[in-house]
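A, B, C and D label the chains in the order they appear, each numbered from 1.
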Amino acid sequence: MFPEDSDEPSVELGEETEIGSAVGYNFAHWKCLKLLAVNADGVLFSPEALQGPAGQHLRTYHSRDVVGVRMLRRTGVQVLLLSEEEDPVFNTLAEREKFSLRQNCKDKLDELDSYRQQLGLSWAEVGYVGHDVSDVECMRRTGVSACADDSDSMVQRIACFVSHYAGAKGALREFTDQVVELNKMGPKTDTEVEVIR
Amino acid sequence: MFPEDSDEPSVELGEETEIGSAVGYNFAHWKCLKLLAVNADGVLFSPEALQGPAGQHLRTYHSRDVVGVRMLRRTGVQVLLLSEEEDPVFNTLAEREKFSLRQNCKDKLDELDSYRQQLGLSWAEVGYVGHDVSDVECMRRTGVSACADDSDSMVQRIACFVSHYAGAKGALREFTDQVVELNKMGPKTDTEVEVIR
Amino acid sequence: MFPEDSDEPSVELGEETEIGSAVGYNFAHWKCLKLLAVNADGVLFSPEALQGPAGQHLRTYHSRDVVGVRMLRRTGVQVLLLSEEEDPVFNTLAEREKFSLRQNCKDKLDELDSYRQQLGLSWAEVGYVGHDVSDVECMRRTGVSACADDSDSMVQRIACFVSHYAGAKGALREFTDQVVELNKMGPKTDTEVEVIR
Amino acid sequence: MFPEDSDEPSVELGEETEIGSAVGYNFAHWKCLKLLAVNADGVLFSPEALQGPAGQHLRTYHSRDVVGVRMLRRTGVQVLLLSEEEDPVFNTLAEREKFSLRQNCKDKLDELDSYRQQLGLSWAEVGYVGHDVSDVECMRRTGVSACADDSDSMVQRIACFVSHYAGAKGALREFTDQVVELNKMGPKTDTEVEVIR
């Protein structure tokens, strides 16, 4: 994504700092994004589920969100779907779009941490789009955090970016569009590198 | 839930008083809640149903509402789902989440009364989240009453708490969050005990 | 419904008059309602349909609308569902609730007229809840006309009553509630009888 | 549609001009419309899809949009559905309504261009209703362009007409109603012919 980062000299940043806790846009972090973790339940898929009498179960997703994730990945950002519970619906889309997916995450922070380390990334290079209180810990650690406008009020309070759209209604796309746009503005400046160090 | 109540010396309150008729927040009642009855049709599940040509039938629920009920139960509050009609969809979620469910309730007040007595609770310790006119009687008896913002206008008029959200869109969660929050503030004060006596 | 009408001396009214064309509330007509015709497509059922790849087809209805129709019928008003096209979904609910249903109505006015004559009713005693331009003719003939707030703009312009709710989201209930309420106010006065003559 | 055009002396217009780039109503173009291309994904069908665990897949359409397209075709305008991806749901409705449908369009402009040439039409006689960034190129070439109010922000910026309704919620109908209305006003005047030349 950034020419000077191609050999992966990951941005160093004290692991214990709560980076995302500074609400608001911090474009240096947005431009450093290399991994975006997304709560499948409420962000990519609607928080609402359709339930049938024989256990059938359907979830909504938005075609523009899916296109947004595709465009984001083309800029070199990796995408990880997380979910606290198991829902076979998530598999269907993840397989079709070849998204990495971790379900049944009792401890999302732990799951995300090990994935991040596998990729050799610092927390500053990770973004998180959350929906409910179980996402708060992750959102506090990552360089960028975002959520939809129908998220839990606590999640909205700590997110760097609150979309104007609801989950599975374009919120994810609004966020990815801005990341893609920032990446078009060329490699980060020295000041920007400074900020996330 | 309340240390001094662990041996179930249920709060006594004249059974014939219409407690809930006082609209508005009455935090003493909220903190005493031991049983929450919820109309499945329009509160936990959407009032809208999807109907197929061969009798298929689907209902929407919201994952954040379900998480809210789980958090409420962890504080010791019991949950009872009521519904005037029979809908096999309600069974599916009730079984998965181990909710008590009473369907085909021709007289909801009667049903709730016998459940309440089984648990040895006074009306002041019962809460009710309603949706349509058939819930009005119950809402008038219980210590706390709540509804979603797309409920029947009569239901909204008598509810202690009207959510900012629609049914199956987070209304139940908004209510349970506040009960959980109040319970964190410690056992009720003497004045609060006074109020509900 | 009205004690003095029990032996069906139907209100006489010149058949050729366009009664409903006077937009606004005309409570005399509301109180005389004996047959309510409803466009199934867009009023009782959502104008939106869910389409599957193998031709599956689902429609939404609202439980409060169904309850409203039941309460209306208890006051003695008959209900007729009309639809321009054939949709097996409409049958399912009509059978469960024992609604009269006419599908494939190429000429809704003709269909409604013959049904009205079978019941020995004048146009003044018929109400119509419409959704699209094909309902305009009927709405112009009947004593009362209503529609949801997501109806065609022409339909909204000519309706006596435009609901604050969308189709299959409570519009029908808002209308039936008012008819039921008016009926509780007792038999119509002489002046009211005058108005619809 | 226009008496003087019955022998197809297609309006000539420099193919390389970006006609649609002039945002706003240009009634001369609206009246010349002979082919309307519609992105099936997000305009006729909702951008949201319902996904089941076994790959089931449902999409919403609006009955009033379908009626609108029928009325438009009765005035002599042809309709072409385009979609970037393959979705068997689109086939179902297209077959029932006998819409021309092109799926898997990697290059929508190319697809539309060849269809337009087959019909012997100039770009000025083509309209386009788009939803996402992949529609922008087409919208810039056609005589008229429109979109729903939940389209991509870039699409909304360049559209001649932005509906007050969302995709699959009446946006297409609002547009087709206006084209039909304009066609009723009789053949285009000399000035109007001038404008599109």
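We adopt the following convention: a residue touches a chain if its C-beta (ideal position, glycine included) is under 8 Å from a C-beta of that chain, and two chains touch if they have at least 3 such contacts.
All of these numbers come straight from a predicted model, not from anything done at the bench.
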Mind checking chain A against chain D and telling me if their interface is mostly the same residue numbers on each side, over half, or mostly different?
different
How big is the rotation, 0 to 180°, that puts the C-alpha atoms of chain B on those of chain C, in steps of 5?
90
Averaged-CA centre spacing for the pair chain D and chain A, given as whole angstrom
35
Rounded to a whole Å, what is the gap between the Cα centroids of chain A and chain C?
49
Multi-chain contact residues (two or more partners), chain D
50, 56, 58
Think of each chain as a node with edges to the chains it touches; is that a line, ring, star, complete or other?
ring
Just spell out which pairs of chains touch, all of them.
A-B, A-D, B-C, C-D
Which residues of chain B touch chain A in their complex?
45-46, 50, 56-64, 67, 87-89, 91-93, 168-170
Touching chain B in the complex: which residues of chain A?
41-42, 47-56, 58, 131-134, 150, 152
